[in-house]
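Here's the structure we're looking at; comments come further down.
As written, the chains take the letters A, B and C, and residue 1 is the first residue of each chain.
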Amino acid sequence: MKLIDLKNSFNKNFQLGNFIPQFLLLFCFVLLIFYFTKNAQVNLLARNITSGFDFLKTNSGFDVQFSLIAYDGSYSFGRAYLVGLLNTLLVSFFGIIFATILGFVIGISRLSENLLLSKLSQFYVELFRNLPLILQIFFWYFVVLRNLPSTEKSLILLDFLIINVQGFYFPKFIFSNFEFIIYGVAFSILTIFMLIYYSNKLFYNSGKRLPVFKLSIFLLILFPVILSFLGNVGLKFEQAKLIQNFGIFNYVGGVKLVPEFLALLFALSLYTSTFIAENVRAGILSISKGQKEAAKSLGFNNSLSLKLIVIPQALRVIIPPTTNQYLNLVKNSSFAAGIGYPDLTSVFAGTSLSQTGKAIEIIFIVMMTYLSISLFISLILNWYNKKIAFISK
Amino acid sequence: MNKQKVIELLKVNKWYDDFHVLKDIDLSVYQGEKIIVCGPSGSGKSTLIRCINRLEEHQEGLVKVHDHVLDHKTKNIEKIRGDVGMVFQQFNLFPHLSIIDNCTLSPSWVRKMAKKDAEELAMQYLTKVKIADQALKFPGQLSGGQQQRAAIARALCMEPKIMLFDEPTSALDPEMIKEVLDVMTDLAKAGMTMIVVSHEMAFAKEVADRVIFMDEGRIVEEKPTQEFFSNPENERTKLFLSQIL
Amino acid sequence: MNIKHTFYWCKKNLFSNWYNSIISIFCIYLIIITIPPFVDWVFLSATFEGKLKTDCKTSGACWVFVRVWFEKFMYGFYPVENIWRINLSFLILILTIGTSFFVREKFKLYILFFLIFIFPIIAYILIRGSFGMEIVESREWGGLALTFILAIFGILVSFPLGVLLALGRRSELPVFKYFSICFIEFWRGIPLITVLFAAAVMFPLLLPADFFVDKTLRIAIGIAIFESAYIAEVVRGGLQSLPKGQYDAARSLGMGYWKMNFFIILPQAIKTVIPGIANTFIALLKDTPLIVLVGMAEILGMINLAKANPYWLGMAVEGYVFAAAIFWVASFFLSSYSQKLEKKFSTEKK
């Protein structure tokens, strides 16, 4: 910005007509902050609640039914925060994956020439998009998952997955000498890069194409397997076992996914997938007919024209609003409080708040956490947008 | 002169739902011929040439290109399309690829040419259309005239034996029309079989062997160029010519 | 002749090749295992008549549950004899919106003014009570009525606030601009639940002990401010899409900032983004039931209460299906209406 522009805008701001409203706004805002702070101090004193963030170090005194890290009542509130945060990230991560896969499948189905398929997917989208998410979560939790078979009559799929009213059970994978698998994967990634480089060179020089994708998958499996044999990597499965205690059946061991987690995951994935499906459909439709005609006229068949022309352009239109949906999914994971899934909101803004009464600090921390996640995702989106923008004059 | 018949349309009829857009079209095109198709909008000119590379499907009649019959039973329609190049009114360059990538995409993926060779070929044609210096730029960075010339080069890279042009200069600013027409004239002089839908009558007079006038889905008049302009028979043709000349 | 035609159509569209056929068979399978059982449960085998749980003898839905609890679902614990007041308020609202279809442009502005400034007062007087009507405190408001009251309040308040924020964001004056940006990004970055918790639990701490603000009002304000940030972004999109020439023309006619915006810029910008605004409102309607998590007895809260009642145990499905039907219909009609509006405005433009 030139100096003269800076000077002009500075002068403009200090013109009376412009200066007074701005000053007023600032003044009122600052006044409001002071007002709130003063009241808060008075009120907290009256209730004998100290302020400050020291409470984070004190013992929480409450347990949580689902946590990725070791935790119980003897750990601190700070640790409770971490548990909540990890649970939020966990359900968000898997929710995003499922929603994306479902969304793309449904979105492409909407464009299918098969009328049955396209109408069915349209029905799916209209149904799940128009129902409140909280209602869907309640429905999954109170209706679907409650009606799963009881523990002693569990549904066992492929000797691998145990389904009953208490949750889903997977066998726990216990590795020994796991590092060798890591080495194997690292080595595979290295060879895959080499493969890509070599195959590009080959294509440039002779026009032959190698099946890079299939070869990569092969390599990704090959080297970890070889190295796990060499390094004597051991794998034990610890499947959940049915135990009877005073007439009550329980599965113990293995990995347990509680119904709270499952209900939230299913509802979030289904709900968000409808929006992603619409984005995918809009993205693919946005590619003008002319592009597809040009591809056809150059002799491309349907799958090549999709791969080289339609999808690269469609992704540019699909990804920004889809990233927005990911953001919504993370924020919507806070609905967990409705069914007792211990995510950040219910553990911290819910239980911890009622235990300590430190509403201001806790709400502040929770809001800042979500805000940071939002800003982080927005930053990535902006970076991506700049990178893939069509280069123009 | 026993030239090979490269395109044949016999009693071709097409409907869009109930709208009869092509009515009993009979047309034969011989190798090396340059044909201009003109007529008022909605007369079916674009639909006609789109039927030749099967971007549109006709319901009745025979369409034959290089002795291949085009109908719903045709296999390898892509291969046949590779021999017929098309240039569109809206250019339809692929915005996410550079100009040279636009040109090499099809030869390398469809004809499985080595990318190296495809690039050489592309530079050849880009030079012919006089935009070799824009090869690494992206379509959004080029003017309309440059984009259309790039589109012509892209079609030529498939080394087609027939070139179809669907109102190639209608979307261009006046000062850029000439550069595109010059390229098309060079192409014509080099012996390419061309069917051009256009209103550029000066170009028609200079380049075309035959001019076809279409109205309301029918070929109303079809004559060698000189005769068409000096001695139109049909009333509608005369009306049309009086409006545009 | 007709059967042959459909058969031929099926063959061409659904079973044209093996791949298509598998998809079609899969779809037909899905339809068969879901729709008939559902229709049967909801309508055919369901019980509609009766007053007691024991009246539900069939395997179908026990709609007796919904009929018995209907008033509670709709109005919460609002005194039954005063329900007419809520109905009257909604009637006024519907009539007002209805008349807006039949009047000219000029009057539409008056109607908007009425809706935003006068109607809330009328509704408040009616629903809460005064001038001799029995007073019903807001904590007794509940059911679907509460959901709609909060959603409509949210819409009416967030709209003007959102427009102001959008204008502020595009302002050249730094204080307004950065204040708007921070405000919008803040409220869009946090989940609605934290806003509700803050309104319910934290906000009282920020006010003097003797200044009591009704919980329902706090929540309503929280929702409205929250949505205004989203409206702001939608309106901003509309403002950006206007050609600069509009601003130039208005200014060259001597219009000042507020006149220009009020008469020229905003009407056009808002028309452009009606679908976006409609979507935000529909989202608001779907978000409002969230208040059940801060202990407000709206429809989902009432259903949870009802299904926990020992006598009516096991009726969760009927309750949720009922609520789902209501929300789905409301949401679907709102989006159809917004699509109609969008078509109307886009043809007007040409």
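Methods note: contacts are C-beta pairs under 8 Å (C-beta built on N, C-alpha and C of every residue); 3 or more make two chains touch, one makes a residue touch a chain.
The shown structure was predicted, so the numbers you read here are calculated from the model rather than taken from an experiment.
**Student:** Chain by chain, through touching neighbours only, how many steps does the shortest route from chain B to chain C take?
**Tutor:** The least step count works out to 2.
**Student:** Of the other chains, whose C-alpha centre is the longest way from the centre of chain A?
**Tutor:** Most remote chain from chain A, centroid-wise, comes out as B.
**Student:** For this structure, I'd like the pair of chains sharing the most C-beta contacts.
**Tutor:** Among the chain pairs, A-C has the highest number of C-beta contacts.
**Student:** Just curious, how far off is chain C from chain B if you go by their C-alpha centres, in Å?
**Tutor:** Each chain's C-alpha centroid was found; their separation is 54 Å.
**Student:** What is the distance in Å between the mean C-alpha positions of chain A and chain B?
**Tutor:** Those two chain centres are 50 Å apart.
**Student:** Where the CA atoms of chain A average out and where those of chain C average out, how many Å apart are those spots?
**Tutor:** Roughly 26 Å, centre to centre.
**Student:** Report the residues of chain A in contact with chain C in the complex, numbered from low to high.
**Tutor:** By the definition above, chain A touches chain C via 9, 12-13, 18, 21-23, 25-26, 29, 35-36, 39-40, 42-44, 46, 112-117, 120, 126-127, 130-135, 138-139, 142-143, 146, 331-335, 337-338, 345, 349-350, 353, 359-360, 363, 366-367, 370-371, 373-375.
**Student:** Chain B touches which residues of chain A in the complex?
**Tutor:** So the residues of chain A touching chain B come out as 203-209, 288, 290-291, 293-294, 296-301, 304, 308-309, 312-313, 316, 390-393.
**Student:** Which positions of chain B touch chain A when the two form their complex?
**Tutor:** 53, 55, 78-79, 81-82, 84-86, 88, 90, 92-96, 105-106, 108-110, 112-118, 137-138, 140-141, 151, 154-155, 158
**Student:** Touching residues of chain C toward chain A in the complex: what are they?
**Tutor:** So the residues of chain C in touch with chain A come to 13-14, 20, 23-24, 27-28, 30-31, 172-176, 179, 185-186, 188-194, 197-198, 201-202, 204-209, 282, 285-287, 289-290, 292-293, 300, 304, 307, 316-317, 320, 323-324, 327-328, 331-332, 335.
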